[in-house]
Amino acid sequence: MPPAITVDRVSQRFAGANGAPDALALDDVSLEIGRGEFVSLLGPSGCGKSTLLNIIGGLIVPTSGGVRIGDVPVHGPLKEEVAFVFQESTLLPWYTVLENFRVSLEFQGRTDNWRDHALSALSSVGMEGFAQFYPSQLSIGMKQRINMARGIALGTGILLMDEPFAALDEQTRLVLGEDLSVLLARTGKTIVFVTHSLSEAVMLADRIVVMTARPGKIKAIIPVGEPHPRSPDFMLAPRFSDVRNQCYELLRDEIRHTVDAMREARDARSG
Amino acid sequence: MQSAARRPLSASAIRWWTIAVLIVLWEVTARLFGDPSFVAPPSRVLAALIPTIFGDPKLTQALGMALFEMVTAFVLAVLAGATVGIAIGITTLGRRSLFPFVLLLFGLPQVTVLPLVILIFGLGPASRIAFGFTHGVLPIIVTTVTGMRTVNPLLLASARSQGASQAQILRHIIFPTMVASVFTGLRLAMSLTLLGVILAELFVSSNGIGNYTQIFAETFKPASLYAVILVLAITAVALNEIVGLVEKRFSRWKQG
Amino acid sequence: MLAQADAQLRLTSLVRAIQLAVVVALFAAWVWVTSSHAINPLFLPGPLPVVNALARLVGTPDFWAAVGVTTLTTSIAYAIAVTAGILLGFFIGRSPTLTAAYRPVLSGVFAIPLTLIFPLFVVMFGLGPPSKIAFGALYGFFPIVLNTIAGFSGIDPLFLRAARSQGASRAQTLRHIYLPGAWPVVLTGLRIGFFITFASVLGGETLSSASGVGHAIAHEGDLLDSPPMFAWIAIVLAVTVLLNLALTVVEKRAVRSA
């Protein structure tokens, strides 16, 4: 049984704009993710974690190396296998919540029983009462909850989430994190989750992939070893702090490198 | 803490009181100092309203014709403007090469070509509709083109990741964005269309409502003249409000 | 890397090429249509007659008289509009209550075609420049006052609070927060106001006047003499474009240094 996701020596080089030098965003990254695993990509700004996520999902073709979903090489978006949840709500503002689900399922080519799929996905996050609302009438937390529900309704085996809770306040983040953990346990989806937040990564992930500053490489992979669904009490467990501190140690240098690099770049520009 | 007796005046109270004071001032100064050949107080204007507008069937007809011209010019401007705007704005190349021409036209005083338009389209409704059209079409093109640039790239990425085809993206993302941007220009287009039609109407004083304003001015009937102007102004406000309501109804999803 | 910069350059050159092609095509169409008499020369004279008329027109006493009248009228009208607009706009914009009270009224009136008032002005002030001054000043007043209100009322209250907490006096708050903050918006209003005043003066002269550029255009139209009419139109359009360019440059400089 092949792993759900195989990242095989992926590197990504971005052309510099307006005469700036090329940037190497990812450097020879390899990774295997098993079915039903929750993996978190953790790293400083600019380390390429979102780029890696987009490459896994087929939105970007890597400049070298490749990705396989199961044993299928990825050349473009695989709508049957992979669903995205982005940092900002991608609900189309001119449609109601329910209409958004219909359109998404239409994109995927699954139009039978779309209403049932939509409503059951909405109730799994407690949002079925808002089916007729327009996105502008909902708070950010509610919208992201619905985005999550949509990701699930698409019925894919893999869910790729790019800092989905970044725009939310701490409390909403904790609640949605809990819900996500429950959903994972229930549906057995494979989830790759990009985040800045150490606590979030430890709270949610089975394994944490810590990345270096640009160019992004995998610095370490830390297992968390706590079964899903996780209760909020896990945050109080000693193991939580241990893993968190471990990640912090690894990250601290990378964050410094990133800040130093920014300072150098600024000096180079003004010098 | 302020007691109930000294509540500060609300904004709308200030507004209406000011308007009331101005009207009273107009009434008083017109009666006391105004030359009755040129100036009419509001009371006399109101009194003259019905007799003037409905007294002469030809005048009522002229007013009706002006209304028809305004609406026709506006509808034509929206249809043509949206089409041209979409055609220009849909490609980066089209937008960057052709949009500057549109902006250039937008900045020119169109009144300079009014005599030319009359020359070409004659003295009847056609020239007024044409002049209203040229005034209204430009803001629609401008807002359509600028609005199309605001298609959210994240929505496009999301749709792509869901496996949407180009046709589906066009229909569910690009097209609604375009419609929304056309709508933001409607109110301005209506104001400018009205301006164009009225300019043309006043210029051609041999028929249409311009004829009557000229007659009333020359025969020293200021109350009638003011009455006609008042009716046209009210019509303009009403049309603006209608467009505003249509805009609101189609932008329901924007309200948060 | 080079590929990206290259693509940018190619796009820009293509854009310029298309624009040039459009201008050339329009001119070619003009020449072709008029020389083949496909359109009544009354509606569209050929380039040669227009150029001739232009040459005969510029520099004559009639030319200077018309230009002089229009320039003077526009200047006076604009001066009035600016003074009234900025004073009233400042007074209203500084108070949230007054802004809430009067801004909707002013926007609403501005949306009405104020050209309707013009016959009144002619009746009250006659055919000469004063009626155009009144009309131009009235119409130009609105964008100036509205933008000035927007500029002064749009100052982030956070900055005002910060200034007050640092003990700034009213004069200091005015000088360091209100003026620099409002300045760009006010400037835009002044620019829009100018072109509206200019267009209104021209409009008034076209509608009812015995002098000025607008009158000259209407007069040539009455005489069914197209080439001079087109010559005048060309002059007005050229002046408008140049003024627009000049004012854009001035505006950019002023905002940058403010």
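Letters A, B and C mark the chains in the order given here, with residues in each chain numbered from 1 onward.
Assume a residue touches a chain if its C-beta (ideal position, glycine included) is under 8 Å from a C-beta of that chain, and two chains touch if they have at least 3 such contacts.
This structure is a prediction, so every number in the text was calculated from the model and none was measured.
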By C-beta contact count, A-B versus B-C, the higher one is B-C
By mean C-alpha coordinates, which chain is most distant from chain C?
A
Distance between the centres, which are taken as Cα means, of chain C and chain A, whole angstrom:
52
How many angstrom between the C-alpha centroids of chain C and chain B?
18
Between the Cα centroids of chain A and chain B the separation in whole angstrom comes to 49
Which bits of chain B are touching chain C when the two form their complex?
8-12, 14-15, 18-19, 38-39, 92-93, 96-98, 100-101, 104, 107-116, 118-120, 187, 191, 194-195, 197-199, 202-203, 213-214, 217, 222, 225-226, 229, 232-233, 236-237, 240
Any idea which chain B residues touch chain A in the complex?
154-155, 157-165, 168, 172-173, 176, 180, 252-256
Show which residues of chain C lie in contact with chain B when the two form their complex.
11, 14-16, 18-19, 22, 42-43, 97-98, 100-102, 104-105, 108, 110-113, 115-120, 122-124, 195, 198-199, 202-203, 206-207, 214, 217-218, 220-222, 224, 226, 229-230, 232-233, 236-237, 240-241, 244
Listed in rising order, the residues of chain A that touch chain B in the complex are 57-59, 77-80, 82-84, 86, 88, 90, 92-95, 103-104, 106-109, 134-137, 154
